[in-house]
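Chain lettering (A, B, C, D, E and F) follows the sequence in which the chains are written, and residue indices restart at 1 in each chain.
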């Protein structure tokens, strides 16, 4: 199927792609039909950009709660796009930078993209790129200007650019007037109970896990995939040397602490 | 008729005009009577500036929703004006600039214009030139000062200047005290159903489109021309190699996604 | 009469006066009794400054709607004053300047004025000198300080200074504490219907105009002289080569657009 | 009496004193008992500073409406004090200065004062020194700090400092926490009708004035001395060459305009 | 037991560890079961980071009233972790630093940590690192950005990082959007009466203390350990040379003053 | 008694101590039991710092109305402490300084203190050190950070630091989060009628004063010692050459003016 196809075809585009790999360290698991639909829609837009002369610029937004897999998904799309220029714009490479330095780094990425006939840029975690604070409505206005102006500016004739944004604060996108630059908005939701089962089943989780019981604990909740994977690994810590199965109670104890912190 | 006339006569004024061409990449389609009326009014004002000694400075504002064709229209007017100096002031050439750099670039454009006996300046997307954010009423005040002062300052005796502004935020123009510097304010509205039909008919849309059915989908809505053209191209992406007609259902599926994003 | 007298006596004071001439490009028309009264009052104050040893400093404020002729009136007074030093402080010569540069330019004008035994300074369009925005109560505080401090500071013993301010925002003058530095406040009102008739009659309007009918259109309204003159010129644009009279309907069509924009 | 005594004894203390003279250009007129009482109280405090070892620092505030004579009074006291160091801190010598430059100029005046065994500093028009705007509560905080800290800091042992402040905004003094540094607060009120009569009688007003009638116009009003003197001089402007008495009607016409502007 | 084990095994990791020792000058006392539970939970997380390949980054937050022992606890954990890189980020080494200097110091600590395969960073007293003021919601936004971005950024492949934050303002963590980066949140509570007894018993308090009576004073209150230790030492000050036991009344007198200050 | 003891033992610690002397120019008078109690409490804390190894840092706050003697009291304690390092941090030595300069001066004082085994720092008039304005809640945040961080930072092992703060705005201390760094808070109240009598009796007031009657005037009021001493000296100014007793009426007249200014 589509998903598997994505994982199989991984051409190597040098440093940029290697960097992108780090955002899906454990590889991508199949987590159900909504995931497939999202991928298919993004794929169509991506192909339009590539093949339709009249679509020089297009942007899609992935939104959803913290830890639902937005960055991993965007990275996967970027890696699998086969575009000659792919780059992620992320705060990881800007810690401690001034606003001005952030602006010029982002501007530089877009300018490089304009030089390639076919480019893909991931604007990851837009609320953090903007240093957005919901309280007091504080954000880096110079960075916002760069984002808006870059999302609006056409690449040179004959060149094509696809932008994928990710955010866990969709309301902010509206508030700051960024929404209108994204033609598509797609939710990356937390896992439902079926998806949780798929993850538990598929995860080569540390030395095994007592599936049925653990899934029960989570039944009815919508779970960010990040928290689920984290809890699995931490609860595996208590295992005796020879043991390979995480007991339901060990998992539940860890999960209770993590989930409480999340509420 | 007038519209066709515009398209036929396209004298070449060098680099500035070539730059302006990029804002109407697919050429201009005839989209009905209101479009004609708007063009006629702007034309009269333009001619007054050119021929009446006593009208050294005049400004018109094009306003309307995002993607209705304001920039394309202003560019068309500028290209067809035949004025020896035409220039568009746009954020496209200022991404990542400081406020001070923006101010001096805008000031420079006006100073160059004063040197020509007959000049036309497009102030495109004024809300973005000002980095205006409706929430928190934030904007670049230094840039606003430059705009106000330039819109108020007469060119030297015997010289004439025509300014066309575009904005999708007419209320902001009032709020910031910019409205009073524009003698004419003209709306560029989204397409009504008749205009949609004209666009569908005229568009050499990618490999044809199933007109009647697609138009039906849009019946009763007012549609920005940008979104319509975009949806046409993306839906054409699904076509099989030999196929040349976008099916109504393919168009509708894409349109539903785009339009939802817009709401 | 007084008005005519003003126009006849125009001594030449070099560059400064030439600059002032540009603010009344079409010459000054007689627009009725209130205009005369205003001129007479300003004249008396001007003469006090010139002849009374005990009045070293005096200031008058001209206020009224946009385009009513405040700048033209102040320029006329300055030109006709015969004072050895006359200068207009205006944003026209400060486009793109920083606040600090504005402050030092204004300070310099006053310092030059102190060197002349008899000086007149026009502070034109004070709201724009201050970059005042009514929304958010934003303005250049450093410039306000310079204005206040200059309006308060006496010229050296034996020297005399007369200041004329113009503004279309009288309320702002109060809000910012500027009012108290002006001994006289005089309104420059929009034209009433009699004055409109006088302008239509007197204006060597482009190739004539069908007075009676055009005046009718404006009957009952108070009209800024700027808009009236503008509409006259633009409507003259439609005239056939041989024609010399603007028809009432042509004028009305233009006027409707302009006036709507003004509302 | 006391007042006359003040005027008679005017020792010369060089430049500073000459500068102070400019703030009472027409000399000081006797304007009644309250004026005498105010002078007497200030005199006692001044003498304490001079003669009591235990009062190294003292400050008095003169407050009252615009143009009531506060600066003239403070200057008179400074000139007549006979102190070896007297200086006025005023915006007149700081037009166009940055806040930092203002701070260092004020600091320098105090530091010079500390070097003299007996010093008097006039802080004139404190609201303008602070660039205080009642709307929006804006002011130069760095200057406020310098004022507070200077008003609080004792001169070196054996040295004595007397500070006189003037302001037309007593409420601001409280708001900004300046009041508590002034041991004495004295009002300089506008003229009552008796005082008006005294000024009219005493003023060598330009070529005489028809006292009784003019005084009538002002009967019952409280008049700032500045406005009264200004109106007298302007109304004298209308006199025919040989005439030496301002008619009541001429005075009343001018007064009506001035007073209206003041309201 | 666990606690004692911690105290016994203290490997020496050079300067960083010595610095950490200063935050628990008097050594750590056993203060009951909650303290043990907290330590055990932190220990499990720490071991996950060390041993689970799939947990490259993890963070825990210690929160509680002022003086409850958060910094001492975090330091103890860091010292006992045996990690090759341990460092505390604290305002102690940044007094008088600009925001920019703070940012670059924090950034540098994280960059050093990334170079070690196994690192532990204590972010001590986060409200002070941020110069957070609850009134007016003021804080150093640049520092907040650095913290958020560092808490989100993964160490290089194969490297592991554990972060312990401490704060006495848990609500701020939520307000500023910092909470979601901590997988675990653990309260460090003030002492209950049992714990008070344990401290009194265990403390080699200055020259002994009359336990039972002193404890009575505190019965029913929840007491920060810092205040209790402080009061014990100050009350010991009154002792006569030969005396070795603090009397209940001496302790009570001091305690009343301290506790009042705290209320 | 204790008080007298303080005055007798005054070891000389060089420049710093001489500077401190200037804050109690007339020497210290005994003003009753509360004063004694305050001194005793401070003394105990001071001795703890000196003698208890486990109290490396301690801080006490003196608060009370303007002019009650807080600075004089803190200076007295500092002088009499016998500590090898004593220093007062005051705006007196920072007039006209930028915030950054203030920060580095304060930081420097603390750093010097850390070098001495036993140090005492007076933070005088904290509201002015912070340039705190109650209206608009404005203050120097960088200075606040330096104060908080210095009050929290332990001196190096074996070194001891005692801090005395003074303020007339105790509420601000709470608002800005400074209170919690002071273990002791002690009020320095205005004089009650008994204390007023003691001051009148003790003061070698200028050439004597008619005690009973003057005291009556103040009976029932709580009087800052500063105002009382000031009024005594100013009223002594009216004395005839040979006279040595201030009359009750002379005192009352001055007192009425001063006290009114204070209300």
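Going forward, a contact is a pair of C-beta atoms (placed from the backbone, for glycine too) under 8 Å apart; a residue touches a chain by one contact, two chains touch by 3 or more.
The shown structure was predicted, so the numbers you read here are calculated from the model rather than taken from an experiment.
Listed by label, the chains touching chain B and chain E alike are A. If you take chain A and chain E together, no chain is in touch with both. Seen as a C-alpha superposition, chain E sits on chain F after a turn of 60°, to the nearest 5. Each chain's centre was taken as the mean of its CA atoms, and the one lying most distant from chain E is C. Where chain D touches chain F, under half of the residue numbers in use are shared by the two copies, so each contributes mostly different positions.
Mean C-alpha positions place chain B and chain F at a centre distance of 70 Å. Inter-chain spacing, taken between the CA centroids of chain A and chain F, is 61 Å. Multi-chain contact residues of chain F (touching two or more other chains) are absent.
With chains as nodes and touching pairs as edges, the resulting graph is a single ring in which every chain has exactly two contacts. Following the touch contacts around the ring from chain B toward chain C yields the chain order B, C, D, F, E, A. Across the complex, chain A is touched by residues 22, 25-26, 66, 91-92, 94-96, 98, 125, 128, 131, 133-136, 138, 206, 229-230, 233-234, 236-238, 257-258, 260-262 of chain B.
Within the complex formed with chain D, the chain C residues making contact are 41, 44-45, 47-48, 51-52, 54-56, 58, 100, 103-104, 106-107, 110, 137, 141-142, 144-146, 148-150, 152-154, 157, 175-177, 179-180, 182-185.
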